Every structure is written in C-alpha cells, then in structure tokens.
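Structure first, then comments.
Letters are used for the chains, namely A, B, C, D, E and F, taken in the order the chains are written, and counting of residues starts over at 1 for each.
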C-alpha cells in the first residue's frame, strides 16, 4: 500500500453575478449585500481548486489521472460557469444566492459522485486576491 | 538633477461586460466576438497599472506622492468601474466596445491631464492571467 | 442546513522587527537568531490570512459578511502592525520575541472572541515568499 | 505552553522526468501516461513545501529554526533533484514511476526522521501552476 | 484612429533541455555551463509572453483577436516544445544551444511572419521565478 | 550576429527604513511622508530586478552568464541591504531619503560599471504588491 495522497486540479473561469434576494427591493438588497448587489451585475475571474484524495495506484503512481479529473471538472462545472452569468445561466445555481459559500457547496454536489477513483476531499474557490472559500462536505 | 524614474501604482477592480455591437444580431456578435459576446454578461477581476514618469524631487525623493496617485486613480477610474457593468454604468466607456484595448485608451484619456507632477507614461490592464494590454499615448 | 464553509480574508502589512532577547548580548543574540537579530532592525511585507468557519446563513448565503471580517481584522490587528515596529509599537507583542510563530498565536488571541458569527479556525502568516506559519488554537 | 504552530519552508527545483513503466512499450506507455511518457523526457520547475508542526519553544519563539529546516531539505532532497533527471539520477526515486504522488511520499520518507524538533506534518509539491499534491504520512 | 496598443498572450510549456556544445567534453561543458550541462537533462516550466502591437480596429476594438494569436502560438511554438526535449525534438532549436536567449530569438523568427494583423513587438520567456529574457527583433 | 536580448535576474531582500528629513520635526515629516515617516521604522520585502542587455555570445548562447550577474548583484547590493536598515546601514544610501525612487538610482550607480559583458539596461524595484519603480539611467 503506497499511501494516501491529496491531488489538486486548478481551473479558472470568468463570470458575472449579483448578490440579491428577488423578494427584496434594490435598497434592501444594497443594505444587505452592499456593492455586490449592484443591479447591472459585476464579475470576477474565479480560481477553482478541486482536491481528490485516495490511495496511490501502484500500476500508475496516480490517485487518479489528472487528465480525467480535468475533463470531469470542465464538463460538469467550467462549461456551465465560464463566460456566463451565475444568476441567470448556471443550472446548479438556480434559486440560490451566488455567494462563494453557496458556489463551493453547489460545485461539491455536482462533482461528488463523478469522482470514482479516490473521493472528493475539498472544493476551494478564490473570488478575488483577498478572499477564498473552502467546503469539505461537512 | 537626480534622474528620471518610472513609478507604478497597481489597483484592482471587478466588473461585468459584454463584447458586442448593438447594430448586429446575437448570432453575428457571437461570430465576431465568440463567448465574450454572451448576452447575459460575464466579468473579470481586472488589474490596472498606472505608470507615471518624471524627475525625482530632491526635497521628497518622490516623482509624485503615490498616495496622491492612488487617490487620482480611485476617484477618476476605480469608482466608475469597480462592481459595475462596463457597458451600462461607466461614463467613459459609453458607446465603445469594452475590449481591453478600448479600456486602456479610455483610462489614459481620463487620467492624462490629472497627473500634474511628472507625466502619464503607460496604462497596463490585465484581464485574465493569460493576457494583458498596454497603451502609451501613441 | 446548508453546510459548513471555511472563509478567508487576506490582508497585508509592512512592519519592522528584530529577533532578540533583551537579557542577552548582541553576540549571543546573533548566535541564537542569526541575521534576524540585527540591532538596527529589518522588516517585511507580511501577508495575513484569517480563516473563519461556520454554517452558511440561508438568508444571506454568507458564513459571515467578509466586510465585517475585514473591519474586525483591520481594527484589531492591521492598525497595530502596519508601518509599525513589532517590538516597540504593538501592544499585543509586548514582552514577546516577534517570531512569526509568536505573532500568529498573538493575533489568534486578539481575534478569537471578536468573531461572533461562525468561529475563528486558523491564522496564517507569510513572512517571505519562502516561509509561512499557521496556528489553529491548539 | 505557548501553543502548536505549523511552519513551512518553501524550496524550488528544476528537474527532468518521464512517466513510464519499463516493461511496457512506448505505445503502451503513451496510452497509459499520455504526453508525460514522451521518450526524450520533459521537465518542470517544481515547488516543494515542507511543513513541520510542534510546540513553540519559549526560549526562541521557534518551533524549529527555519535555517536548520532549510539545510535539512537542501541536503537530503534538493541536492538530489535540482538540475537532475528524476528517473535516472535520484536515489530515492529508483524503481519508482516519478509521478508527483510518488515523489511526495518518497520525500516524506527521506525527511521524516531528520526532523528532530517538532515533527514532519506534510509534504506539498506543485508540478505546474494547475496542479499540486500533498502527503501527510497516512 | 483609435491609437496603438500592445497586446500580450501568455502560454506555458514544460520541457527538458541541456546546455552543452557537442564538440566539448562533459568536463568542459560543466566548466562553461555549470549544472545546466548535466548530461541526463533537467527541465523547466517555461512561461512565454508574445506581445503584438498595432492600431486598434474600430470595428472590433481589437488589435487582433487574441483567440487567433493563441492559435498561432500554440500551432507554431507550443506544440513543438511542450512535453518535449528542446535539444532533441524541437525543429527550430536544432543546432542551437537551448539557452533562453537563443529560444526567444528562435520563437521570434517562427512567429514574426505569422502575425498579419498588427506586428510582433516582443517575445518574453520566464525560465524560473528568478530570471526572464526578452527579444524585440533588434 | 545573433541579436540583442534583455536578460533579467531577480533577487529579494528584507529591510527596514523610514522616510524623513533629519532637519524637520516628526510632525513636519509626518505631514510630508505620512505613515512612512513613523519614527520607530517599518520594513518591506523588496523584490529587485536587474536587467542587462547585449548581443548574444554565439559560443555560449548567453548575453552574460546569469550566475555571474547573480554574484555581482549579491556582492554589491544584496549584502548591503538584506536584513539591514536602509537609513543606518547601507553605504550607498547614506544622506539620501530611502524612497524607492532614490534606491533604484543608487543601485544603478552601484552596478553600472560592474557589468562588463553587455550593459546595464534597467533597475526595477517592487516595494509592495501595489507599487514598483524603474530607472533606466536617464
């Protein structure tokens, strides 16, 4: 048994979003969410890290092939968020406030059962250079 | 005479935009601008560098006080683009396609005559980690 | 129940310090702390990460509002260390050798009871590009 | 008792490698490892982080002196991998496929008993800007 | 006339190489090139920046479409160097010592006449985090 | 003739400093230099880039050997500023206000005649992540 390793694939995407609750007025949303509730949207270059853990396969030296992980992440997540509006376009964010907290949980739920070699350990998301968010399925 | 130095102030902003020409259909815009023309907007964390050049003042050791440069950039540029939509909200981008090429020229025009100690040398803008744009008033 | 997320706010500060024990001579301090004990001080651009964990609030999609976390960190930490001397100026470092190990513990102690939504999970401090330090309240 | 802190030393090295199993043909290796099996080798700038944890020593404010950690890492790891071929030159990789998974486990085994103040907590390795690997002795 | 802008596309590649002159012995090469002449090769994650300059097209707001620039760079350069050996595999480096100086000149020569909108201004290459090289056709 | 290439060596140093003019009071210095005049010093991790330009030597593929450039920079600059106080310890800053503008000019003057293969082209200095300074001997 070789040992348990944590492997990470990093991807980036550019998206628009707005933090607001549709049942509130623009003024109430501004009070709750500040400039992030701007009605004409704003956007970010997000950096996503998907961390998978498992035993190293002695035949390949891999936990899982990172090319496969890249394809899973691109098909199930990046294609739905890159150059999109997270409020209007992304199926897995429908009905949710697109805070980074809610995004990491939703991405976990999209990916968890797609990882069949090893298992999903963590989703990290950098929204700006001054903040990031992590979810571990707790 | 101390010498001529180039000083740079770096700022960041998060904005939404869409590349399109209003006289064209969505299909024609898609052909011309690709995924950047997505009708529901997308966005970026932009990094802006404003470079000023001039003789070093022997009384202060400064070309100009970077605190003053920061205030000029924040008042005239950042306040108009951060957490905004570049197509809809930014006065100096009205009627222009918000490519990074057009943004750096517009920011130069906003700032050029506000710099009264030294002179504006260059505007650099990073749109993603894989591209950046520079304008030197040529 | 939405899930437990870890949120991080990043801040930077520029400070001077010196590693030494006042009861020792400069020669003894040099032997113990090397160039970090230089009597005329040296300094760093420190990068601080404050990590808070908790349930996501379904009303806001936040663990806690990062603007609030930013203000707590700036008021209680950054205002006491930025453009300061950690040995001479910072109340929470008085009587302590300002190693990064001691700094992360002291910052934890400053912040722990100020976080009232979620709870403090970790303090990370980057002293140079080649080292960083983390404290989790253990 | 001051508390338990995690301290990290970062090093970089430039190495060549090839992912392949000598009992397989080039075609079979290409199928298994893709472009990473290219027979004429390729290479990377690796970034290594060595994380040690322990009680802070009240005499020094250190878990362990980072200069000592740097010397341990350079002597036992960097000298054997920097400007080397991981398949042909590195004693602790002999007979192993040089995936990053196998490298982090092998570096852990090289360093574990050399850390005599505190104990080794984690080995992290960045192979490119888009992936990294971590081993914690599990 | 909108103005002249400099646009940059960034790409990365991972390659093996060795600095040596075949007419010299290993000892002579070691004296001339140091550890970079190691006979079993070593490698790097290179970062390449291709800078093109020209008038901004008022129909598109582009100097040239960065998607086209990306394809030109990938087809003519990246496909020949990524996961390759620069000494053995890369046609445009045949017979040349693969120093970064020689690589930037060779990449310029590969790309100069492929840029038909605007013109090539500069090739920058980062070999490690501590050095980079630039060629402007002089 | 191979061509003219610009080569850059990057170094870092950690130093304390204070912006002030000794003939002024602390209050007057505070008015002129703000928090940078704090009497108990503060400090930075500086990043220095030294850029040399020249014809590529066809025997080596080098403008000049970067190992030689590293040694020249470390001997003449880094040894005098790293873990030092720029106001009190650094001979080439004596009598000068240690702004980054004055530092880049002073480093240029230290290095210009030490570069005997190629010639010095530029000195760049990053004081924080939000500003940098460049001097080209003008």
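Simple rule for what comes next: a contact is a pair of C-beta atoms (placed from the backbone, for glycine too) under 8 Å apart; a residue touches a chain by one contact, two chains touch by 3 or more.
All values derive from a computational prediction rather than experimental measurement.
Asker: Figure out the least number of contact steps between chain A and chain F, where 1 means they touch directly.
Answerer: 2
Asker: Between A-B and B-E, which chain pair shares more contacting C-beta pairs?
Answerer: Answer by contact count: A-B.
Asker: Once the Cα atoms of chain A and chain C are superposed, what angle does the rotation have, between 0 and 180 degrees and to the nearest 5?
Answerer: Rotation angle, to the nearest 5: 120 degrees.
Asker: Report the chain pair from A-B, A-C or C-F that duplicates the B-F interface, where duplication means over half of the contact pairs agree by residue number.
Answerer: Going through A-B, A-C or C-F one by one, only A-C repeats the B-F interface.
Asker: So, comparing C-alpha centroids, which chain is the farthest one from chain A?
Answerer: Of all chains, F has its centre farthest from that of chain A.
Asker: Measure off the straight-line distance from the CA centroid of chain D to the CA centroid of chain F, and report it in whole Å.
Answerer: The answer is 33 Å.
Asker: For chain A versus chain D, what separation do you get between their C-alpha means, in angstrom?
Answerer: Going by mean C-alpha positions, chain A sits 28 Å from chain D.
Asker: Scan chain A for residues touching two or more other chains and write them down.
Answerer: Correct list: 129.
Asker: Dump the list of chain pairs that touch, please.
Answerer: Listed in label order, the chain pairs in contact are A-B, A-C, A-D, B-E, B-F, C-D, C-F, D-E, E-F.
Asker: Going by the contact rule set out above, which residues of chain C touch chain F in the complex?
Answerer: 12, 14-17, 35-36, 38, 40-45, 82-85, 88-89, 128-129
Asker: Going by the contact rule at the top, pick out the chain E residues touching chain F in the complex.
Answerer: Touch residues, chain E against chain F: 19, 21, 32-34, 96-102, 104-105, 129-138.
Asker: Which residues, counting only chain D, touch chain C once they are in their complex?
Answerer: Touching chain C: residues 2-11, 56, 59-63, 66-67 of chain D.
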